[in-house]
Amino acid sequence: MLEIKDLKSRIGDTEILRGLSLSVNAGEVHAIMGPNGSGKSTLAQVIAGHESHEVTGGTVTFDGQNLLELEPEERAREGIFLGFQYPVEIPGVNNAYLLKAAVNAKRKHNGLGEVDAFEFLKLAREKMATLDMDPKFLNRGVNEGFSGGEKKRNEILQMAMLEPRLAILDETDSGLDIDALKAVAKGVNALRSPERAIILVTHYQRLLDYVQPDYVHVLSQGEIVRSGDKSLALELEEKGYDWVREAASA
Amino acid sequence: MSTESENLESLVNRRYEHGFVTDIEADSLPPGLNEDVVRAISARKNEPPFMLEWRLQAYRQWLEMKEPTWAHVHYPKIDYNEISYFSAPKSDEDRPKSLDEVDPKLLETYDKLGIPLHERARLAGVAVDAVFDSVSVATTFKEKLSEAGVIFCSFSEAVQDHPDLVQKYLGTVVPRRDNFFAALNAAVFSDGSFVYIPKGVRCPMELSTYFRINAANTGQFERTLIIAEEGSHVSYLEGCTAPMRDENQLHAAVVELVAMKDAEIKYSTVQNWYPGDENGVGGIYNFVTKRGDCRGANSKISWTQVETGSAITWKYPSCLLRGDNSVGEFYSVAVANNMQQADTGTKMIHIGRNTSSTIVSKGISAGRAENAYRGLVKVMPQAHGARNHTQCDSLLIGKECGAHTFPYMEIKNPSARIEHEATTSKISADQLFYCRQRGIAEEDAVNMIVNGFCKEVFKELPMEFAVEAQALLSVSLEGAVG
Amino acid sequence: MKHAALSIDDLRDVVRRLPDNGLTPSREAALAHFHEHGLPTLRDEDWKYTDLSPVVNISNRWLTAGGPQLPHKSLRDTVDAITRSIDAHWLVIANGTVDDQFVNAITHRGIEVSRFSDAPAPFEMQRPLADLNAALLHDGLRLRITGSTDKPVGILVVDRAKSDAGVAQSCVDIQVEPGVSAEFIEYHVSDGDAEHYANSVLSMVVGERASVRHVRIQNRAIRHVQTSRTSVALGKDARLHMASYDLGGALIRNDLDIDLGKPGADVVFDGLYLAGDGQHIDNHTRVDHRVGPATSTQEYRGILNGNCRCVWNGKAIVHRGADGTDANQANHNLLLSEKAEIDAKPELEIYADDVKCSHGTTVGQLDETALFYLRSRGLDKRHATQVLTHAFAADIVLRSPVTAMTETITAIVEKRLAQLIEADFVSDVLS
């Protein structure tokens, strides 16, 4: 589904990704771990098309299509969802409005008709109930005045509504208390299916207790230095990132 | 330049949609201003002596006044002798009695502007007093209004048919010599609207006027007077749009509102005069004096404006809160793009006891525009229990524009509670990316964010106006984001 | 609207009679510039709410009398009281004269002190009141802080007006060298029954990465008039934390200009003004953000009681290209009397887009719920009022940047507040 080969990127003069390769198939859950500054969030943003990153080499294809040629909104409509580490506040813009606009943009792209307000609200309320979210959230400004946990749940709600084929969750677990973490994990697990792939970008292995990954990759200095199954995450937890760094430089 | 800013620019560079000139022969006075011109205007309108006298006094006072320079705007000196002070469609003598009699070309113009007069009027239940150039050419729903005792007519008609009312209220809110532009207007005003709501009457429909400027070199000097008697209620909508042309055109209107005891006036404006091109060539100078007088206890005057047009806007719709418990409101969205300059805001003068005022101002600057909020909240010594809340936000789009706030608070009573908040921000790249990552096109994302920013003001507009305002906003800002 | 002008012939005579200590050329140049521009009037936007007539009247009377120089030695008791109770490296300007004894007493390695007359500098064009200052200046103080100091540097400006009208100038130039951390106390105090006009100028350059904490107290006699201009320019990554306390004076006008011309600067400045009967206190602040990133945060609070008027005009200008600017202004006022007036004007002029700017202004009274709460706990009205008024002022007092001064400031603020509350306003407001 997602094929990344020798991907290199930079911000300004700083090189971040230095030849990263990764292959993700439908139905798989990949966890990407690594210390701060290793390029985890950069990878997520490059896949989603954030313009502050300049791709200087390599390829990224999504179902054979060159992803790097697409605008961010086109990637989104193709089914790529990025759960933001720091979801943005957009004052005055109704949460429901954004969500409905997003759902309809995607439906239109897929040649489907727009959902009407009634259908949309019904669906949104259902999804919110499974995430233990207060329906009142729909009428608030996008992330406006939300707590950290509320923002992350809101990301999961958007993901649930948009039903992406590839979901990338950038440190969605950071700053969450245990209840919020469980709610988020529940949302992610509900989305697991043979047609869908999920990439979890995380610093800690805590989330992986609740969402079992098929593969774990360790990123260091813009490259994947180690891949394995979920036991790698446990090993990391125990030995710390220095161990990977040493292993990588050795 | 990033792709993002290129996209924004293309958005901004969308053309003004309402730029075309209707080819109608105008019956104009030659350019220039002197007492004879003032007399000629009054004579053509067949005005009673008191009006001529009033105009002449205003003219003489104007001669002694200086054009104000304190606003944060710059423009070449205006030669008042190069302006023609009167123009009317040729059919002035024989004005149409119904829409069928209206020049089809005129109706076509309104259609192009998206103002299908008959349709809109019928569908929306709105009476439209359409001012083409300076003279009213069509008025609808007059019968229904007159049943309720409401007078809604052109100012000229009011001078003929209700001279006592005109004489009683004219200039009592905005005196002749209030300021340079108001004095000029008083001397030469061509026409405008007149509304009188009798005691206890709730106006059965929203009243609406569309103004247009046509005919080259013709200054526009409308004058509107609205009187709401005790316990009455009226909502008045004013919308403008103008054809594209190169000369700068002066528009110096005056609006006076009088609200008696328990009366309420809601005055909404969507202003879309021609703003000039990307290089600041052409465009309207919009120097307007609007003031409401809450004369009676418990009266309320509410101004809502969406200002997207004009090369220069100089406008401070104000409230004199004289009646005890009277309420003044000002909700404003002002957009300045390209080379536009706006200096707009309000004055809330608290005079009576327990008066309150609310100010919500949303300024959007893009391109190389300058956008200033200027406001005064004044609490007089006797104004016990005055309340004001002011929220004044600026949104910046692009690196070459300016956004300024100049609020004045003059508080002379210790029981006043005054709160003023202001913020300035820009549309962040993060907000745009977030929306785009959810599949929303950049242009739509910008509109969404800007509309969110303006939400508090839009919700004050009557429904059909709110829709128009949102559309206007997106047109005005096309290409602006960067 | 124009107030009477300063009598320029008398001014010229007085300037020419000043002892020639090398400052004559700059005095003459300043006089010429002042003559050209005159004093501002109510027609000037920046002086809309403050009438300089008292300055003109006092000055003219003083000039007519030949500009008598008041003796500075007689102030010894006041000087001693302050310099001995607050531990600092003190410098003293008394009745407009730099006290050599204090200049000579500074021995700390990190502090270089000199007089303007030691190395006269050419006159630079300034604003009218600063011109007047330069024209009438006997001598000024020049300070260079080259290394960190063990205790604050104190500048005491003290005047005593015994005879008829008196006029005194003070001027201080401060240079804080790169990387140096310094603390300043600027203390303006006066006594005497006669009318007096003090005009002060202080300019400071804060070097790259330097850090300055500056506290300014104005506690003049109730009939005295003061105008002052403080200009601070910050270097790259420099920090300034400043607080200004205005307690006394009949007519006080402070102009504070902060210039952020280099990236990375961080400025916090607070102000507190307490005004009672007969006082007019006007604070004008201006921050020029010329480049980014840089941060400025200001908060002024005022408590007004009796027949008085305060003005707060905060201006933040974000110049073209100053991206990454974060500018915040806040102004809160407690109006406690029917006769008090506050004119507040928070202005933002912004020419860059990547900025965060905000201002908030409030005018109001004590929170009635809080007042009731305290009374329900047994405090009488007056006491409850006092507690809440103190609480309103306390934030600004406790944030005072120079810890050596916090105690003194607390004491004089409390004393002044007690006087204000003693006034008969309480019944007005609470009835």
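For reference, chains read A, B and C in written order, and residue numbers begin at 1 within each chain.
Definition applied: a contact is a pair of C-beta atoms (placed from the backbone, for glycine too) under 8 Å apart; a residue touches a chain by one contact, two chains touch by 3 or more.
Quick caveat, the model's predicted, so the values are computed rather than measured.
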Note to self: most contacts are between B-C
The chain whose C-alpha centroid lies farthest from that of chain A is chain C
Per-chain Cα centroid nearest the overall protein Cα centroid belongs to chain B
Cα centroid separation, chain B vs chain C, in Å, comes to 44
So, in whole Å, the Cα centroid of chain A is separated from that of chain C by 55
Whole-Å distance, C-alpha centre of chain A to that of chain B, is 48
As the complex stands, chain B meets chain C at residues 70, 381, 394, 396-426
In the complex, the residues of chain C that touch chain B are 45, 320-321, 323, 333, 335-338, 340-365, 428-429
Interface with chain B, chain A side, in the complex: residues 48-52, 71-73, 75-77, 81-82, 84, 87-88, 90-94, 97-99, 101-102, 105-106, 109, 141-142, 158, 162
Interface with chain A, chain B side, in the complex: residues 2-4, 428-431, 433-442, 444, 448-449, 451-456
